[in-house]
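For clarity, chains are labelled A, B, C and D in written order, and residue numbers in each chain start from 1.
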């Protein structure tokens, strides 16, 4: 069994093979085949297709009418303001000031009303690409499960072994190794990653088929790329490798968010274009990486090594303040990747990617990388750095959890609610890592959250699929009756995330709440409990708005009035099967941490059999406080949106409520603040730099140049072309020299 | 004051006077004629300096050939309409100043230079032998130290000049 | 004596003559053949020693004992006490081999990528070949005067290439380039003479050979304009001025955006890929190695200027609307890494020489990285420009739909340029950052800000030009052809390979750079700092 | 005693300067040429004067100046021939020998 751990490099290798096959063999075939098929089909429909395209383009614009430069800048302006709905009218106004901008906005509106839905089916080769990707992923998943079982009961393996691959670089005493490291933490993460990846890839077959059949093979290639990157990140033995994985997941995420890159911003939905979202995600992450990189460099400069297992030994006796600073900087990276305040802004926008991507990357795996990083360097945070480091982690998490939950309460876009809920739950994990004595609670919540959040996203994808891309919850309602196979697992996940007892989310979240109290941090306890209440409320608000509503069964819980205009169509097996499969861990994963049944997640993750298991939540009286609050949240949501006995605007009628609603709805205006910072900070600097270049440096250069030219122009007048002038100058010069000579020789004495 | 000195003074007066006439005359033909006088007086100076051969060559080449050439070219280029055939240009004042200045500088230097100023003892010496023979040896001797190579080159220069003058002056 | 270096340097000249003599129609193929042969020969520089030594990288030697040497006496005049000795001395150790191969490759690709030149094609190709001679000479000259000579030779074809085949403001750009560069080389010549005669009078041996200069350093002080400084510092500053202009270092960089913008595609590629590297190469090979304590004294200003380069170039890129200009400013930003890496290598605080070597290796790798990646960027923009005759970022939009191949490769280049791990840019940047941090912690902290800006401007450019809805104006645009993709794919493979397995590159560089590090530490210890 | 070297040199200098004035201040090309001839003669006088005052004893040492003068006369003759040919050529082209109007010698 050890082979599953010792040769754990197989796990990233299989998707790598799939990636290479897909990218360099299958996708070219797909493209070539598609072009041939298109030219065949085109022969039949050529005249018709051509005509319609021509006429439509003539009806709304002609190429000459578009002033090309203002075209893109108009889109850019709209993109820049789009996630700040309050600023939208202004943005449109700005964009419309130029004639090209007007055209562009008109065009955007047209796109919005008639989204360009690609037709046709993926080719045989595209489908093959899907199969290859899934096969690779399945192999990895099986191997990860094998590794997990190999670790059970094997403490030596749980403590971790290094799997050397090759040496990247060596200089004298310092090395940059490419090594893998596998311990229980790695394996848990790998199981989560491979399991969710596998199911998401399976699910994507149907989803992408309708969304973008031309990019089918590309999509699977990028999914494989993401899986590899995530595995490298997970398996890394040192800061070099984790940074490599870190950046690679960033770029996979960039590619996948921008997968539908040709879409325009959706002005009325307040949604940026996918390409703008991808840009924002990458750059925001880079801000975090900036800190991460400096943190790594501090540690490297102190120890001369990147390896996680060597750093603690070599850090003995180093200044604690320095290590604290380094660890807080490393945590910056985690803040960026895990979308914690203040770098959370990219995650809601990242929902512009296809929904399976949101499920895989922006809910279950990549955003958890930050949590994983802190867990991986847990020892450094808690034993080497000062207590401030862990405090920063815990309070960032706690604040973000509450902050995101408040925003999630009032959002109307289904995916955005889930996005803010993800941010909030990630905050929980950081609280767990910050306050607990081991990385167990945080990782435990990471694991359970990965399953139920992936399920929620895939479920929302099912809804979107059924409604042809409609994301606004006001246009939904009562869908449970129409797509029960999607609704049922989603209900389980909603219950789980809300903290209803006996489901996985309850166990993991409650453990974290209990840890804050055990840590003696009342403020964090209040925050986390309050967030738990809010979570239950907004999740069920989303549930009722989407699947339930007045008139449904069980008081609006199941089915109800449908408010949309698109006829919902039931999804196929490839969509609901992964949901069902994910429902299993959603319900049962929590029992791994349930001591009365023998579950000791803590012992496994720390590799220490003697480690105390999580406390049994049911014996702790404080648990019942949070359970009560969770049910209270569910109840209020039920009354407001299920039975609709309390009007939805009950709280927002008074000015305070209205103001708060606006504040939450506009996400505390953080985006606007950042926009202003970028516009009046970075861009101002940039413009100053360019002006400096243009006017000062080039001014000096050109000034010297024109000065020389001017002198030359003046001197040129001396060149009359008349020989006698030259002669006069010559002899005049001779006279001057002679006079000088005489003056020096005869009168200088 | 001996005869030689007196003749030097006369010759010098003729030289300076005709030189001034050359540059100041308004009629260019007269100027050219004064130039001929200058060449003649110069040959007299050479005689005083015991340079008989040079004196003869001076008369042959300058007073004979060059003066004739100049007169011919004046004849060929004379514009009959102009009253003033030898005008000055705009920079004549500057030119005068430069010339005067240079003259002053040179004369001053001579006057100050002790080696020359006190060189009364090194006065021009009377010739003991016939210079012409020695010059002939110096110019043509193929065996002893001589200027035969420069001389040949000079003849080549003359040849080129003749050809050049013909080519340039030829009517197309 | 193998003559290989001589052949490498002068075969392109022969090629230029052949191109001029051959009929017009043949010029492209002929120049491709010549540059191709030169490239193949240049790979032998690496393969040959590897075979003969059985894979031991130490064989490449260092500046004192390079593997490849071509030497012949040339000028040796002694007028009284004045001795002037200039040897025809070519040599190549790891650092040179590295640059020679890169040059041969990029020139070859530039010739392949010049299919769009229709105006005076024959002269254009001949000038490209002459340029190759000049640059080859710079990278393997092992005599300081010879180095200067080749440095000047390279200038003439470059000037003509920009001034004749350039864009609208080509004359302004060409003149700016030439005047900047000539100013630099004049100052460099002064530095060279100062070094030569000072060292000559101190040691009694007048030689400008690199072997000699690398082992014998000038000492003592010199007074310039009433200011007494160590002679090494003065000579360092004089010679470095030329390299700073070429690099280009703030504030001598303004010729670069203009030259890049106006030059034709292939020339931009060479300009960014090779000519800037001459400055970096000179900095490492000459300034640091021959004036180690001068460089050491200048380390702080050098590091600060490097960081200014990085951040300032990035900021300027952010607001450019011309694609080529943006890439040009990104070159300024990326060359800042080279300066920072070198500054860290010569800088104070000799805690662990391995860090210094990491920084210096990062700087050297950045030369390669920037050469290949920026070449890709320029080739891609060239493809676009050939079709659209526009370089304004905002004029495009959604090109992805019509040009998937170009989008692909351009995105690859952009990602490589912003330092994506697995591609060579990351290796260099990471080495520079981690290597220099222990020397200049605060500065490197500021410099790391560049990673954000770089991602910002590059991806924003991609977003505006290639993603989003298709600007209907470009409905008829066609994708890159196979011929146009050839250089791009070649470079992409190289970038990927070096990104994943950098060690072979490091092996090549290690003997040279390690020697430099030892020289520096020796000099620093000797001066007691 | 006037026949010292100095008197001849001063005579030469004065003549030279008068010639110079002529060469620089005249419009007529022939006149300029005449000025130059005066200058040449002045130089010749100087050279011959030096030769005559020489006290050297080596072979031909006392006549070197005269030899120089001979060469100058030779070259001056050639120069006069060519220059006059050029003046005539210019006159044919422009119907004028005014040097002030001949200003092609620029750039």
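Methods note: a contact is a pair of C-beta atoms (placed from the backbone, for glycine too) under 8 Å apart; a residue touches a chain by one contact, two chains touch by 3 or more.
These numbers come from a predicted model, not from an experiment.
S.K.: Which chain wins if you rank chains by how close their C-alpha centre is to the centre of all protein C-alpha atoms?
M.R.: Centre-most chain by C-alpha means: C.
S.K.: Any chance you could check whether A-B or A-C wins on number of contacting C-beta pairs?
M.R.: A-C
S.K.: When the centre of a chain is set as the mean of its C-alpha atoms, what distance in Å lies between chain C and chain D?
M.R.: Each chain's C-alpha centroid was found; their separation is 61 Å.
S.K.: Could you grab the centroid distance between chain A and chain B? Build each centroid from C-alpha atoms only and quote it in angstrom.
M.R.: Whole-Å distance between the two chain centres: 100.
S.K.: Determine the centre-to-centre distance between chain B and chain C, using the mean Cα coordinates as centres, and give it in whole Å.
M.R.: Each chain reduced to its C-alpha mean, chain B and chain C end up 67 Å apart.
S.K.: Using the average of all C-alpha atoms in each chain as its centre, how far is it in Å between chain A and chain C?
M.R.: Taking the mean C-alpha position of each chain, the two centres sit 37 Å apart.
S.K.: Can you list the residues of chain B that touch 2 or more other chains?
M.R.: Touching at least two other chains: 89, 91, 94-95, 98-99, 102, 106.
S.K.: Multi-chain contacts only, two chains or more: what residues does chain D have there?
M.R.: Where chain D meets two or more other chains at a single residue, that happens at 20, 24-25, 99-100.
S.K.: Two or more other chains in contact with one residue: find those residues in chain A.
M.R.: 724, 728, 731
S.K.: By the document's touch rule, what are all the touching chain pairs in this structure?
M.R.: Inter-chain contacts occur between A-B, A-C, A-D, B-D.
S.K.: With touch defined as at the start, can you tell me which chain D residues reach chain A in the complex?
M.R.: Listed in rising order, the residues of chain D that touch chain A are 20, 23-25, 32, 99-100, 102-107.
S.K.: Any idea which chain A residues touch chain B in the complex?
M.R.: So the residues of chain A in touch with chain B come to 724-725, 728, 731-732, 734-735, 738-739, 742, 746.
S.K.: Mind pulling up the chain B residues that touch chain A in the complex?
M.R.: 89, 91, 94-95, 98-99, 101-102, 105-106, 108-109, 112
S.K.: Of all residues in chain D, which touch chain B in the complex?
M.R.: It comes out as residues 1-11, 13-22, 24-31, 33-35, 37-38, 41, 44-45, 48-49, 51-53, 55, 59-60, 63, 66-67, 69-71, 73-82, 84-89, 91-92, 95-97, 99-100.
S.K.: Which bits of chain B are touching chain D when the two form their complex?
M.R.: The touching residues are 1, 4-5, 8-9, 12, 15-16, 19-20, 22-23, 28, 31-32, 35, 38-39, 42, 45-46, 48-51, 53-54, 57-58, 61-62, 65-66, 69-70, 72-74, 76-77, 79, 85-92, 94-96, 98-100, 102-103, 106-107, 110-111, 116-117, 119-120, 122-125, 131, 134-135, 137-139, 144-147, 150, 154, 157-158, 160-162, 164-166, 168-169, 171.
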